[in-house]
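The chains carry the letters A, B, C and D, assigned in the order they are written, with residues numbered from 1 in each.
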Amino acid sequence: MKKKLIQDLLVVENKILSEKYFILHLQSPTPLPEILPGQFVQIEVKDSKNTFLRRPLSIHDVDYKTNTLKLMVQVLGEGTKKLSLTKQGEYLSLVYPLGNSFSINDNEKALLIGGGCGIAPLLYLARHMNDKGIKVTVLIGGASQSDILEADEYRKYGEVYITTFDASLGEKGLVTQHSIFNAPTFDFTRIYCCGPEPMMKALARIAREKGIDCEVSLENMMACGIGACLCCVVETQDGNKCTCTEGPVYEFKYLKGW
Amino acid sequence: MKKKLIQDLLVVENKILSEKYFILHLQSPTPLPEILPGQFVQIEVKDSKNTFLRRPLSIHDVDYKTNTLKLMVQVLGEGTKKLSLTKQGEYLSLVYPLGNSFSINDNEKALLIGGGCGIAPLLYLARHMNDKGIKVTVLIGGASQSDILEADEYRKYGEVYITTFDASLGEKGLVTQHSIFNAPTFDFTRIYCCGPEPMMKALARIAREKGIDCEVSLENMMACGIGACLCCVVETQDGNKCTCTEGPVYEFKYLKGW
Amino acid sequence: MPNLEVKIKDLILKNPVMTASGCFGYGEEFMDFFDISCLGGIFVKGTTGSKREGNAYPRMAETPSGMLNAVGLQNKGVDAFISDIYPRIKDIDTHFIVNVSGSTIDEYVTVASKLNDLDKLNAIELNISCPNVKEGGMAFGTSCPSAIAVTEAVRKAYHKTLIVKLSPNVTNIAEMALAVEGAGADAVSLINTLLGMAIDVERRKPILSTITGGLSGPAVKPVALRMVWQVAKAVKIPVIGMGGIMNAADAIEFMLAGATAVQVGTANFIDPAVCPKIIDGIEDYLIRHRINDVNELIGVI
Amino acid sequence: MPNLEVKIKDLILKNPVMTASGCFGYGEEFMDFFDISCLGGIFVKGTTGSKREGNAYPRMAETPSGMLNAVGLQNKGVDAFISDIYPRIKDIDTHFIVNVSGSTIDEYVTVASKLNDLDKLNAIELNISCPNVKEGGMAFGTSCPSAIAVTEAVRKAYHKTLIVKLSPNVTNIAEMALAVEGAGADAVSLINTLLGMAIDVERRKPILSTITGGLSGPAVKPVALRMVWQVAKAVKIPVIGMGGIMNAADAIEFMLAGATAVQVGTANFIDPAVCPKIIDGIEDYLIRHRINDVNELIGVI
């Protein structure tokens, strides 16, 4: 059984959220393979002089009925800029689905935390948990209101809390400063997070203090995305591991220096 | 006074003639510099992974009233393929006008000969001569009917003869086999030609036999197009000369081995 | 159908397209994408005497038409290869060739002799050109005497096809090739990566943890082709060419320059199914040019 | 406004951005595009003892993110430079630096001594690294003894700033740099082009008339940066960096790696007005990073 494929997907929609963010809605010509929350794709950036390698992007959402998946992307450099110009009707080449996935236990009380575009993989995770009857709470952080993306989508699956650094939406400050952490009712069993490394490290510290689990999704630089080049390693308790195959999701305690 | 410029020109139209040929109609935001027939542009091919250098293209036509110029292009490799996808409203970066020009004498009896897309520079030449009251005759050759481009445009300025290799239009054969050369009325004083080198060499031989002048427009590989790199040389009676500055038009006798 | 079979000493390859060491894992990573037994051969990761963790992250930087890597021979060691990996791959119908690396001549010899006993492995590639390890590696590949010493020592210990992989970071690659030919190599492969560097101007720091790393991809193709041409003119043994091959035309360029076979490295990262396309492309080319045997392309220039 | 001025021995450059030899003609070709006196300096074409026609066409091949050239030092010779070109350019307010080339030590010395007498020329660049000529050229730049010999000989004949341009086609570039430093060079510049090759698979022929040629452009930047870094760590004299610089970020990378100034080559072909953009870009970078003096960037890594 082939699990990973390389395939041209049809761009059903390129939803521009702002100058900085967009969501690609892509359709496979064949039934989608099984995709787990936390997995990612390697996308080819055509016609971009300075983009040689594919770009890794988390799978934001999946719909098996329409054989579509979504990618939520932040414009950072030339590759993502070029992708942001993709038009409906074009095709994009994907290698997918790649990587491991978030762990899901039936009796989990899950706190999903995303910083900026780091929330990308958490929507599919929230949906997945919801399907399994797991209650999720989502905390989204961003520099400003315009960095809080698609909060309503997340509200479908649970309560959503927001922090912004400039107080333009939700509580003021970083996600780690949100009142939820000091609430007497804090009873989460696991944090699932994705975002800038300093944010995830701070969340890992909180998890350690509170004695709960915390899974982090890393965004290491990748070349192949399929475990062939060994470029994307992170230092773990068992030595260097490839983030594209043994990650991108890790229980933080497994990572050295966290 | 600046003669050459680097400028972004607006694509007013991309006229697709066929899968293989198209005409870009470009508008300058400022009054056009003086452009001579036979000159060319160096065009940037954006967003094309395998096109590093600019591409040289002859100036097909010029309209000072609208500050527009035309380029007639054949799809050969990735660069011209990419250019063929240019849409109205986009901008293309040009370095222009470059090179020397065809010589024009008042009492010339001019025979303009183009092979395939080699006719590109001859339209502006024909118009220019017409403006000066010089009668022109145009001979266009191609493999097949579909390679005979825009013949009606040329008819505005003089008689047009056609040869095709498969006899689908005009006389059958190569331009050099056209009956015009054996006609007793042959009284041209100069041939102006552009096209594949074997064609131009054959025409040069005819010119030599008939004792008339013959100017050829070369398509040497270029890097800079402005005389800086010395890559585009052709061997002349005076040693190696840059085709981008001392050409692309040469009287064939000046070229070694012609 | 034109013949695609080529020979590297005793090794008969069903076609000249192989995958480069460090760029194709142990082949298994690509099985979802195509049937890897269609390949002429698979060069597996650099394998050392004992387990190595490689260099610290970051190990990769994208560059114009290429990439730098500083993996630094991360591998589980030859014994783990023999016990864990070999049994899984040995019955796949293509040649697996182990890329043998080390810090000392003894380490090279140890690894090579252990591999000599494996029935289904018929060749090794001696990596004397890895730019990403502090000791050994490239040092062996940038001076003739040490290249000769390591090749001679391994030659004594290894009795099947011995391919020596050359470093491009030298003044005279033909001289190096002649040296290892004299020392008993059955074939040479080239090029390994060119030593390069990338800097993050915003952070004002090198991108790689090791500061320098190895450049691969289309950017290096002109240099690789030139070296393959120079080496093929100089030596009598077969040459395996690589460096920036992305498609069939690139592969054919290497064969015209004198390579008997080629390896595809970085291209696998961009299109994990690129190799069968290259094989098909070579066949199409031969048909289009009415050439009956791919061997007729070798060294035409 | 941050300071952009840098010094190469006695040569004070208004900014570190100069143009590379063979890529900017005599500057005149670019006057339509910008005021060339804004440049830190202009390295003119390789100039030899007598007129040279260079190599036969084709002399150029496009490659991934780069190009190969095989111009082969086409120039009118040093006397024609002095009589025809020098008078036209001497009053332009920037430094013109002649790239001195030759086949023999005598030829280098002759050219250098003739240039020594020109009032308005304050430096030469000794090209011991041209890959495109049969004799001399790169041969001098790939062995220490010959690099020393030619540098010492020219040093005796030339009394102003002597820059020696190094070839990247060597095993150990730092060693070469140390050799020419010891022989009296006031500065080194690098890299010249990497020796490469391109093949037309359809015609089954090399693209260049000379088969091999010199690779330049962004493709070589990682190698160039690495070499500049290695050389800057090794020598005490200033280093002028080049190889694939297309924009201000690239130029800054070279300075961080240890270059006091840079040269822009191939980029001029793609954007003839690129140099003033690079100068402005460096200034913007310094302002954005609150750095008062461009000299603070040099060798940070």
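The rule we apply is simple: a contact is a pair of C-beta atoms (placed from the backbone, for glycine too) under 8 Å apart; a residue touches a chain by one contact, two chains touch by 3 or more.
Predicted model, so just to flag it, every value in this text is computed and none were measured.
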| item | value |
| --- | --- |
| Most widely separated chain from chain D, with each centre as the mean of CA atoms | A |
| Averaged-CA centre spacing for the pair chain D and chain B, given as whole angstrom | 36 |
| Centre distance in Å when chain A and chain B are each reduced to the mean of their C-alpha atoms | 54 |
| Centre distance in Å when chain B and chain C are each reduced to the mean of their C-alpha atoms | 47 |
| Chain C and chain D: spacing of chain centres that average the CA atoms, whole Å | 34 |
| Residues of chain A engaged with two or more neighbouring chains | 49 |
| Shared-contact residues (touching 2 or more other chains) in chain C | 61, 63-66, 217 |
| Chain-level touch network, classified as line, ring, star, complete or other | ring |
| In contact (per the touch rule at the top): chain pairs | A-B, A-C, B-D, C-D |
| For the chain D and chain C complex, residues of the former touching the latter | 61, 63-66, 68, 142-143, 169-172, 194-199, 201, 204-206, 211-212, 215, 217-223, 225-226, 229, 244, 249, 252-253, 256-257, 285, 297, 300-301 |
| Contact set on chain B toward chain A in their complex | 46-49, 82 |
| Residues of chain B touching chain D in the complex | 2-6, 44, 50-54, 95, 220-235, 239-240 |
| Sites on chain D touched by chain B in the complex | 22-25, 29-30, 32-33, 45, 53-54, 56-67, 69, 71, 74, 217, 266, 268-273 |
